[in-house]
Amino acid sequence: MGMIGGSLEAFIGAVHRRGSQLDGEIELVCGAFSSSAEKSKATGAALYLNPSRVYGSYEEMILKEKALPEGERMDFVSIVTPNHLHFPTAKMALENGFHVVCDKPATLNLAEAKELKKVIDASGLIFALTHNYTGYPMIKEAKHLVDSGELGEIRKVIVEYPQGWLIDLVEATGQKQAAWRTDPARCGAAGAVGDIGTHAENLAKYITGLHIDELCADLTIFVDGRQLDDDGNILIHYNNGARGVLHCSQICNGEENDLNIRVYGSKAGIVWHQMDPNTLIIKSRDGGSRTIRTNVGNLSAQAQAHTRQPAGHPEGYVETFANIYRNFAFALRARWEGKDQDPLYDFPGIDEGINGMAFIENVVRSSRDNTNKWTKFEI
Amino acid sequence: MGMIGGSLEAFIGAVHRRGSQLDGEIELVCGAFSSSAEKSKATGAALYLNPSRVYGSYEEMILKEKALPEGERMDFVSIVTPNHLHFPTAKMALENGFHVVCDKPATLNLAEAKELKKVIDASGLIFALTHNYTGYPMIKEAKHLVDSGELGEIRKVIVEYPQGWLIDLVEATGQKQAAWRTDPARCGAAGAVGDIGTHAENLAKYITGLHIDELCADLTIFVDGRQLDDDGNILIHYNNGARGVLHCSQICNGEENDLNIRVYGSKAGIVWHQMDPNTLIIKSRDGGSRTIRTNVGNLSAQAQAHTRQPAGHPEGYVETFANIYRNFAFALRARWEGKDQDPLYDFPGIDEGINGMAFIENVVRSSRDNTNKWTKFEI
Amino acid sequence: MGMIGGSLEAFIGAVHRRGSQLDGEIELVCGAFSSSAEKSKATGAALYLNPSRVYGSYEEMILKEKALPEGERMDFVSIVTPNHLHFPTAKMALENGFHVVCDKPATLNLAEAKELKKVIDASGLIFALTHNYTGYPMIKEAKHLVDSGELGEIRKVIVEYPQGWLIDLVEATGQKQAAWRTDPARCGAAGAVGDIGTHAENLAKYITGLHIDELCADLTIFVDGRQLDDDGNILIHYNNGARGVLHCSQICNGEENDLNIRVYGSKAGIVWHQMDPNTLIIKSRDGGSRTIRTNVGNLSAQAQAHTRQPAGHPEGYVETFANIYRNFAFALRARWEGKDQDPLYDFPGIDEGINGMAFIENVVRSSRDNTNKWTKFEI
Amino acid sequence: MGMIGGSLEAFIGAVHRRGSQLDGEIELVCGAFSSSAEKSKATGAALYLNPSRVYGSYEEMILKEKALPEGERMDFVSIVTPNHLHFPTAKMALENGFHVVCDKPATLNLAEAKELKKVIDASGLIFALTHNYTGYPMIKEAKHLVDSGELGEIRKVIVEYPQGWLIDLVEATGQKQAAWRTDPARCGAAGAVGDIGTHAENLAKYITGLHIDELCADLTIFVDGRQLDDDGNILIHYNNGARGVLHCSQICNGEENDLNIRVYGSKAGIVWHQMDPNTLIIKSRDGGSRTIRTNVGNLSAQAQAHTRQPAGHPEGYVETFANIYRNFAFALRARWEGKDQDPLYDFPGIDEGINGMAFIENVVRSSRDNTNKWTKFEI
């Protein structure tokens, strides 16, 4: 694996490195960690990389690695840059024969995402998008419960993602995470909705399989001087008639990272909180409430396949990245061995990326439209 | 106290009786418990009432009690009928000199509520409305925290009221609670929004003091054959620029009575769940999270005044009614003694009733309007 | 009902009054609320009692009430004095023909409790002891689960009662609750073990039906100047071979009133916390975990008979007293109607009282014995 | 790193590999994964190791690795065998110049542990013991709170470790984990107490710094046919006069891995649950309750140094191993660079191992002694 972005001061680069290393299936062999060659070099050194494979730019990395003999060069790139660089880096990597794992969102806008899909299709290579939260065992179980009809017909979805870390103008303090996430040029058309709202939407879609038919959005910038929304509230009509409420915020003071979802069907409802990820509740009016826990009792093959520890040994955030990287590695190996990819080891790809970008654009469009109540979801 | 409605098979009558009796300040002396004289008589007997003061109709009760010598007749009526009878019973009681405690919502529609206010004002009597959930000690504390500026400027309110008991057509089974609550003639223009959405709105308003400036509502009937909404999702713009999300439902399968609220301000946020009512969380990004508990540490005078037990001895639903009844009794006594009402012992009245009816009508209007996104809140 | 003790400044008197009044089955008609005639009078006035039935001593009350015509005099006494007065008041009441409800523990020591049983038996009257915590609906359900074999053979019981309110020498401040509870003359041989440890033991015995065969106790006085234990830790061997751990404390800083129990059997285990009383967890290695909630789904007749509200409307501490008082009232009425007492409406009596006093004495004996590890439980 | 034990079917081997790999500081280069050469080879292949460095026995590995040139050979061994092999493998590794990370408990018995300390001292090498649960950030914070006096004088410690996975005779089914853990020859003198009780004791000692002065233990074998205790309940007298209750069990049906601790001091108390590891509660009677969370607000340097993710991104079990391995790696690097070990990056060593073995032996001795109540803790 070669990494693009992810210098020492970035948060998400370390997450990807840890996720990819956890299972011993993937080795980091090279990187272009920063647009500053010096920072890139320092990062490579801290990671014990061969200095000759620490590059000053992603272009250099892709071309020089391509020039190495097969078996010596990196097999794929991991892209962990700010959003605006996802498209050019992924495109160049794919066009030079390297598979790609890319941090979400896929690209800076929907047009790029669609274009990226064409590049991927043309390359015939594998592309994974790290919508990591669907990698939790209990989310696999939740999807399994819906798919197997345990919830009946889905009627209501409430998905939330409150955070509080942008309660004031953090971006003005030079904090790097905040700076690019609130800058339209590097982040795209939406702030909170793009950064975390897309995770919420992706989670709901993954579990329920429902598509958004139309939506009504209300985005707000609360903090003076901020350029992108820091709060978003959205009503949703799903394609099957179900109703949805999705809200996300980065000004919910005191909230950490409280992605959570409730799905109610004609037969039962489920509840899950990301900050208590190994617990899934299923309940119904007449049947009471059952607590499903990672690796307790008889779980689905899907949940088991994404579990590493015995019951009661907490699995967390890093394992969600590890699940994507491991499944991606399984897909690569299957290809090398001429086998089909095993659907048990799923991971998000460009279709999820396109959907996410479309979600952002439809939400922004709806929010700006104060006359029409409902905005048809268009991709 | 004389009771109108609340025969043995009704749920809310017993709640009012227990709430009014808990503190020994109020005695039930007469009743017209049902439109069926027989049922009324049976209820009176079960309650050990003097048979001569168990009446066949509310008109009879009001007139006959009025005819009793002062000191022997009831002091006030408690109205616990279905919604459509609130107005005529309250009006007649007031016009005959009896104070009134009335179950919520105040009336069948906004026009009646406004008319009732005129009747109350003309009578000079005391009227209490049992929006009981604001009677919890931790809600008094929450309001105190907002009022004293601990949360800073309020930016976001999320208030929810999911229930699941109407997941199927319960009203077709003859279940009395479900039957009148889903019948427009007895319940009014809204189902879930009227029954429980108004509690949610009242709770948010009580704690924050904010008014709704405009809203965007999406009401749905999920269960075939039902006449009124069983699910409602509402986006709110508050008068100070804060954003709100209010949703209520009676088809959230497996949910019991999960009224809950989160209020986020520039300085801190608070979280409260009705099903764990003695716990209030206050938190902020930098200050971490503090758990405030009924009768633990230094609480506000408001919280203390509505607490009966030492820490860790759970106070529940019945105490919320008891707090309204006791405070109402205090108000009566103050009047008899020629004193001012002590604002510490507050209770909801007709203004809250009018606001609640306006909420219902604005929400219904917004939901029917699929072109204009925002509906101005009109009273 | 006539009350002995329970002046305005006492905590437990108000609890008993509220519990007895909640259901409208019982009316307070007289009282000897304090050994000070003045305090008694003031309390009676605050409770709207007829001044002629507010007495200066319990002896006076019992004799004067007895002298009233049947139908006018009180039917039973409620004893809410400090422990040392339980025996003489109960004895005199019983010997003069009055049934008794008595706060726990039954008496000052085991000998008195045995003597009291003789008095009760001789009188043929009804005696209830307010070991209230077994009155929660979920405790009825827990007992039902054990009785019906859902847990299999019981192997382990962990019952805890940590409080923190005596973390310093509160009794030296004149606080009345603390003063008598830490005074051997008024409280008996044990402090925390007598006040709350007996509740823990009673709860375990009620749910499991197990008897203590032998125990090993370690009592400690942590606060300088205190005369009775404020902390107790006890290992238990039950008669069926099950093992138990019981600990109680009043110096667990920050704990409110956290009575809780876990019972593990060969088939399943259960968990219950008094501070979240409407929730009962049942779980097993292979079957996962189910959350049982008051009035949700199909509960036992025992749980239903002690539930007042629909699901999700919290029932709390006052209802546990109400359940004892109501069941006691049902027992009285059954007697008056010549019927058998319905076992569904159970309440603790003198046998529980004797067991509790024996528990205290055996624990104190064991704690003082630092050579013999195990102390046989003797009654 | 070279691994001894930890073939594919072992649970703990994979945990150690993941923990050691997470941060990219340590590389697995060789292994003797099983006493079966075939299994060892298969494991090595699955881990992409150079087949020439996959050995058939630990003796072979140590000797052949030693024969490699410095810089090519492994730096240290990771021992993840059943308990009876800890001593001989560690001893041989140390005597041949390799540092050691060893799974707990240190050895099969106390005598071996003391002997091992001599070997370590003689070698001058670094020895780490994976008492991993003290590696959680919130445990670092808990220790910091105690050390900085926030709790005042410690008075009571309740530490529990209930599990339920051995509720029946799992060892008879051939389940490998159960088989050696219930076999005295491979596991030592205690079952549950050795396997998990030692974790509980270690946790209490790490946080409080208290030593056990004397104890009173009650061990039981509940499952017919089992050879070692599956349940243990222990009363403790600490050296400062504090009282302790420690219980552990593997027959608490339905419990997963619920290590938890409560520590109460004169100023405040703390509560922590391993299954919700990123939450620590601190509370006091007058100050109420504060929830401390990983990476929220101002935490101690100790907590921060063991945290990898932003607030609300759950860190779990694997990170506890990673913290020990990373700190061990830091210690190695400090030595290579001629620097002192930074006490911020602490990890358990042979002293914790000796203490753990002494705990087991004292507990077993006390349990067998049914006459003397208190057993002096001897090392």
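A, B, C and D label the chains in the order they appear, each numbered from 1.
The rule is short, and it goes like this: a residue touches a chain if its C-beta (ideal position, glycine included) is under 8 Å from a C-beta of that chain, and two chains touch if they have at least 3 such contacts.
Because the structure is predicted, anything quoted here is derived from the model rather than measured.
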item: Interface residue overlap between copies chain C and chain D, same or different (over half shared); value: same
item: Farthest chain (mean CA position) relative to chain D; value: B
item: Whole-Å gap separating chain A and chain C, where each centre is the average of the chain's CA atoms; value: 55
item: Rounded Å distance between chain C and chain D, as computed from the means of their C-alpha atoms; value: 43
item: Chain B-chain C separation of Cα centroids, rounded to whole Å; value: 34
item: Residue list for chain C, restricted to those that touch at least two other chains; value: 165, 255, 283, 285, 287-289, 293, 296
item: Footprint of chain B on chain A - complex, ascending; value: 151, 155-156, 158, 160, 162, 164-165, 167-168, 216, 218, 220, 222, 231, 233, 235, 237, 243, 245, 247, 249, 251-255, 262, 264-269, 282-285, 287-289, 369-374
item: Contact set on chain D toward chain B in their complex; value: 281, 283, 285-293, 296-298
item: Residues of chain B touching chain C in the complex; value: 11, 14-15, 17-18, 21-24, 28, 47-48, 163, 165, 255-258, 274-278, 293, 296, 308-319
